[in-house]
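The two complexes that follow have chain A in common; it is paired with chain B in the first and with chain C in the second.
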Partner chain A sequence: MIKHTMDRRDFLRVLGISGAAATLAGCGNTAIESGVEEVMSYVHPQDFVVPGIGVFYASTCTQCGSGCGIMGKVREGRVLKLEGNPESGISGGKICGLGQAAVQAHYNPDRLHTPMLNMDGGLVPISWDRASQILDERLGAKSSLQGDQIAFLSGGMSGHQRVLLENFLDSYGSKQHVCYDALSDATGRAATKAVLGTEQPLWDLSKSRLILSFGSDFLGNGVSPVYMAREFAKFRKAPRGTLIQIEPRMTLTGGNADRWYPIKPGTEGILALGIAHDLLQHPEFSGSVPQEVLDLVKNYDRETVSDITGIGADSVRLIAAQLWNNSPSLVVAGPAVYGHAYGFSNMAAVQLLNIILGNRGKTLQGQAEHPFPQMTPTPGTYRALAELTQKMQSGQCQALLITGTNPVFTSPSQLAFSEAMKKVPFKVAMVTHLDETAGQCDLVLPLLSAMEDFGTHVADYQPEGVEVLIQQPLMEKLYPDTRGFGDILLDVLRKRKADYAAFPDYYSYLKAAVVKAKPVFQSEESDDRFWETALMKGVIKWQGKTTALEAKLGALEVPNPRELSTDYPFYFIPSIRPDMRDGRHAHLPWLQESPETMTTIVWDSWVEIHPKTAAEMQIKEGDVLVLQSATGSIQAKAYLFPGIQPDTVSMPLGQGHTQMGRYATGVGANPYKIMDAVFDAHTGELALHATRVAIRKTGDNQMVVKDEGPTNVQHGQKLVATLSADQARLSQEI
Partner chain B sequence: MSLSNLIQNWQMFRTRRPYEDQYKDAPYKWAMVIDLDTCIGCNACTVACYAENNLAVVGKERFGKGQAMHWIRIERYWGEGEEMKTDFPERGAQYLPMLCQQCEAAPCEPVCPVGATHHSADGLNTQVYNRCVGSRYCSANCPYKVRYFNWWNYPERAWPNPLELQLNPDVTVRSKGVMEKCTFCMQRLRAGMDKAKTDGRILADGEVLTACAQACPTSAITFGNLADKKSKVARMWKKQQVDLAKNVQDKTEEGIRGYRVLEELNTYPSIVYLERLRNFAA
Partner chain C sequence: MSYAKTLLLWFLMLWMGATTVWAEPFVQGGPIGSQTSDGYNALGPVVEQPIEFPHNRHAGDMKINCMYCHTYARRSNVSGIPRLDKCMGCHNLLPQVRDKPRIKKLFEYWDNKQPVPWKKVHDLPDFVRFNHERHIQRFYFQEKRPVREVCGYCHGDIASMTTARRVKALSMGWCVSCHEKDHLEKVGSSVTSHGPNDCWLCHK
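Take a look at the complex of A and B:
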């Protein structure tokens, strides 16, 4: 048993408790016992563990940042299947396909299970003793690294992992926690904050009578798809709400729309101003609208808007009229809106509609303030990666630690991240799979899988108050030489800071931290009971109050869409697959074989092109096309897809891996590598929807492997029947 | 098996089932309702099925030959009628979760030369793997195309170590030459029914769910016991005026939206779909 004393302020900082929580947590403990707890193994089974009978343990899904509560079915010491945890306010007992596939990340045959060291240009397996020795030499107590010489590059990260990571950097005096997300929504968030005063407001789908979505795929890969799907189901019950979706390429959510409009990419902001123009004609607004808003919309009458966006003038009128007649409504937007050089102003224009329609306080609320601000998720941005790359180039960065992100694969080629990595003398990756970035590191450390590790998480989108989500191992580790992320950091930290000597492992740290936060949750249970309840339920809840939204008009400006050029006559839209995301899940065979819903294609990349455009260019399904952007070119098969704007072609992200195991490699192509260097003017974020391409046929034709048969219409049979919503009697249904 | 035998078998079968009140005294008759207005096409059900039922991942080449093993799949259609009438899918896509319809008069059953395809007492269309000789007549006769044949010995290749540790011990891993299909998660039903029997009761409504219904984020899939008149699924069938034993439904109420896919083929499916809704004024 190790006892250690530290002062209260240090203690709270170590455990990630600050702000409101620090003032609430006033119980005055100055020392704790730790390291006395043990996770029971199956060698000493609990009474309720019976061979042949599955037992469920609560945990938290880490496949995306939504923070769904899950339950793992464990039998004979193996985790077999994941279900949703009914205790979770986010998942409510439900789970998506991506979440289900977490067990395949855990049992993946290509898991990394030994540390690797780069020797003479290649990675070779080494022992943990050797790996620890290297870590100690470079990062330990005698390390000469100071300040921003050391950087930690991660994906979005929350909970105590984030706290520990930042404390780790703090021990060098470094502030370089760099969060990178290849699908960053930072521009959208910044614009929403500039207009509504908060980055990610809560949406009340079920209360909305009409949802107008500009390219937001909230059911597929938005901020919390399982929660949104649950709410969407309520929205579809009596009195059934209407979904209007406007986007250049039909997303999963678009497929559920009552009315779907294809729009010229990037003109969404102009359409929003046009709708605002129409709405402001209502006499209710006369004299009360600020001049800046009137100036903003004055040039955007229906005809002008129709010319720019490709949406008919009548449709603009109809959309505005329906928004007016179906209150409260909700206007939302996704990457198609903010993924442009003027993405910020596009997004701001969309949010203006919410203000005009009076949706604030009805279908839009501010999220509750989190009592543990240090645990909230760090949103990943492109800009952070770009700044880090510069520091790497200039030799400022002497040591780089990487986890949870794969920039060598996802960063656009013009960033030259891969080249910059060569300038960093010491690069450490902590991964479960050897991906493209880890492949270029000096030391690669094998992590426990999400099914084997402890952790806490805080979701980006917290629909019901505030939840601290608990992740616990669902089974013993598969490979003896894998280690937890927290354990690796603690091993180094203990040598640098006496504060951490009290924690022999991440489990003891986590338990101490969670128990320490007990007063915030106003629990009267004993410490042990509180911890056990947290593990049992998988979530600790706190009733926060939603906050009010603002209405700031200063950030509004006219978006300035760019026309197509003759050299590059097509808009290029990368689509985000709900299961592959930025490509981090391409190594999961269930997901590779799961047909992408809109096209039903499996195990591949493809180019979606409208049948009319294809006919003009004499392109058939399976024709291998070269897409040439100003930055580079890429090859993929054509798929004729009616849900796309005719001047636009689209390719899914996530494929084209050269590393990451047998299921990921050799599948499709990587569209990140042809992204043009276009950045949002306000945030500096990479504009993912701003690339333009030319199309060339190679003359080759290959079979498109897909689930749909030779036809995609119903041939007059009653397979999927559709009834007019006004004829249904939903309120009488069971 | 001669053709005349086949036809005679078929006729015997046709006159035997289904009939009115067939499950009146039975404890269980498993059935489903799938609401196509809340199904969002997200594929949570299909992946859940892979996890629960040890479905083999076959890879791109075999998928391309039509050898995929997905017991439930999301079919996606554009428009109704013979062709798509507009340039763009203005009313969204049509998603159809397609799985074995557990037909009461299943076309797959009478053609099996060895009785591997049979009807269980609780109304399931089951496949007995160790009787199956791989004639594939059943698959040829299935109008829904939801029977899947093991063209390869997947236990040897589909779960490279340690992926096989994920396999559900309650479900057989099928080997080469065997037909397989959706079982309505029979292993879950079996365990639940056995437990209920020990307790001297029948299963409560919602006590056992299929993997697809449990995962479905929008709860579009309702699963339950049609023999229990109070179960949600039975009440939904009744409200939608769909009678298990009829091939032409007697619909008197307006605005109801329950139908069975390809009902006109006299298959008497156990799955009712609720029509997708669209606000055509939008």
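Take a look at the complex of A and C:
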């Protein structure tokens, strides 16, 4: 929480005397000047460069893994704004707020400018010559590192960066490319694969007449939100599709739903079995599943399900009837379903509905196979990080390279990753900002920003065939001592493997690699032309065929919800903000000051609590609460939120940084640090929604800074007239 | 907030205010020697440039159109400083002046592929958007007035100077005084109109 030393009244008092015009003085040149500023001419520019007029270059957004094609408006050699690239099937010429903020990551005043070396417990700036010398000594041709002694820890990574990284590890004989994602959906993917035969099927939202979503925030932070938002708009065109959302805490997608049901966290699988039970009463559906499934669901009649889930028996009947009436439908699920100890079973139960409803081949398709599997994204998992931590603890890991992930901030405290890092003799971080993990490394190398570097990417979710996405610099680098990720790896690799001597930089490597792939794309252009077209369009497309989905119902098990205890009487749901994600974007003030979509709160962390629960506990908005889990405790202000299940409290992820620049530090608290050590039984993934907490008031009350006025209060003005659900015609639809 | 802090802030704000209250500093008249060609007390200082570029030689003696070098003026907000290879396009073919000190300097910049660090002479505040293209398209291309006159509305008679000097006020009142005048729409026509006076045209 930020403590303000100057209040609004003080500020206005001072401002009133000096006059509002005085504040303009801070905005650069405010007078007519002569001979003060320098004005540089171009020396030998391209003919299309006109000062004052922007030129657009195609590239790829790297703010999340969706792989949206973007175009950067460049004027006088500076990138000013990003737009969507219409050539890209994923972005379709659109871009989200998170993508827009990439410009701010590039111009961020807290970017790392120079290499840093840990000397006597603190990081000090060093020259690149010194950094290269250290890299050469530790990792170069004479390095004694062998096999899995060296590990590379990264976030989700795809394209030629992944290929180069794995070749780099290969030069030591190591297979330790560890991918860690703090918001891993590995459990959901594993269960989907077990039931449907593929990890990430394609959803056809626009063809569906009804979408039943179990906590999937596909409009906010799902697998490809920009694409999904476009498809959702088509889905809402006449004949308008219906969206039913079931989740413990209302997400952006939930806010857009026609019906929203708050469910007891973790009982989504049971509800899915209950709906399946209802559907299988119809002779049309009962033949779609084998006898063992009928036996499995037979115990889950409406009343039983209603008792477990907290959703009324009538509602269960209504949802099943809606599904029965609106075909084709689509059933999707998100982290609220698979973030539990039995997340796998929960997810499998949800996918069972898709099979019963016959959605395979209609609204669900298998993705096209990628012609370059070595370039496909490596899904990050918690389990990989846990295994690496064990190796670090036992001293097996002698050198650790880290990029694109910040486990010191995002791993739960019980993993003790930070302590394990101390046992690794040589740790190198490659970052644009000095984050918590980089702060504990021996050598920190400053990377080019996404607006300055070359790269290729492959999206996890490829809606239209297969795309290889090209990332190219939109401007010259801002700081001379920053280097590209590929360039740093190649510098070391050239000394270890002779066949890399042909590539003086990552650009030449990338160009050679892309051009080599030309035959697959059946292009008849010359090599240079093929490369130039790729840069111009920002994407290379390949018309793959969608694959068929399977129906394997052997994976079905009954989910076993974890009950609340008297010590910890609340479910704790960490919510994922579409902009902050796991906290990697907390250093961008545009995102910090964007009101969070459901609460409109800015620059803070808060605890969402149901107004009824709050009334029982005499909690009002702004009361500072302590959330105590079995693992630890954090503090945040209370926010009364009707869009939450009454036994549940929720906090957004992403805040609570101790390092990562002026905008990220000192704001809010980090919920990762109170996660209980609960893991999915099948995949070993950390169960993000399985923590239970107790709430304690500190007695302190602070203002919650938000855009909206008081919730639920209309000051007697009847701004929005309401009527009870029984009076509404909606309940008599069926 | 402590007393000392408040005092410091007041002082800071007052000082900032004092530097900005001259939003409309130039009036007609004023002391002798400080006057612009149209009588405002706003004559700019003599600005020393890295190369003493002789506008009088190029635009005056040789009658080269301003837009031959300032080529962006007709298609962009800014007229732009001419690109260096533009200078070289001619001077590579002019060995007779190759040894003049100013040309030697020019070649030095070109050989090092360095831009010339010119000093900006006509610099408006950051909150003003002046659009060269609009003015050039209207007065030069539509009305077919002489280029020396059209550019001279704001820049004065550059063709009689070596390096440029500000000889017009360029203040808001000065801009408005021209926008308020009735201009003939075409040479020889009797139809007149005046420039737009919406705030947002210049202050976006």
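One rule holds for everything that comes next: the second predicted complex is superposed on the first by the 660 of 734 C-alpha atoms of A that agree within 3 Å, B and C clash if a C-alpha of one lies under 4 Å from a C-alpha of the other, contacts with A are read in each partner's own complex, and residues count from 1 in each chain.
To be clear about the criterion, a contact is a pair of C-beta atoms (placed from the backbone, for glycine too) under 8 Å apart; a residue touches a chain by one contact, two chains touch by 3 or more.
Everything quoted here is computed from the prediction, not taken from an experiment.
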Now for A:P109: first (chain B), second (chain C), both, or neither, which partner does it touch? first
In the overlaid three-chain picture, which partner chain does A:V50 touch, first (chain B) or second (chain C), both, or neither? second
Considering only touches as defined above, state whether A:G643 meets chain B (first), chain C (second), both or neither. first
Contact-wise, after the overlay, does A:S565 reach chain B, chain C, both or neither (first, second, both, neither)? neither
I want to verify the contact counts: of chain B and chain C, which reaches more residues of chain A? B
What is the contact status of A:Q100 with respect to chain B (first) and chain C (second): first, second, both, or neither? first
Residues of chain A contacting chain B in one complex and chain C in the other: 52
The answer for chain A against chain B in the complex is residues 52, 75-76, 78-84, 93-98, 100-101, 103-104, 107-109, 219-220, 225-226, 229-230, 232-233, 236-237, 240, 242, 244-245, 250, 252-262, 318, 322, 478, 578-579, 589-595, 597-600, 602-604, 610, 612, 642-643, 662, 667, 703, 705, 707-708, 712-730, 732-734
Quick check on the complex: what are the chain B residues that touch chain A? 36-38, 40-44, 46-48, 50-52, 57-61, 63-64, 68, 70, 73-84, 87-96, 160-163, 165-169, 211, 214-220, 232, 235-236, 239, 254-257, 259, 261-262, 273, 275-282
Under the touch definition given earlier, write down the residues of chain A that touch chain C in their complex. 5-7, 10, 13-15, 17-19, 21-45, 50-53
Give the list of chain C residues in touch with chain A in this complex. 1, 5-6, 9-10, 13-14, 16-17, 19-23, 25, 42, 44-45, 47-48, 72, 75-78, 80-85, 110, 113-127, 165-166, 169-171
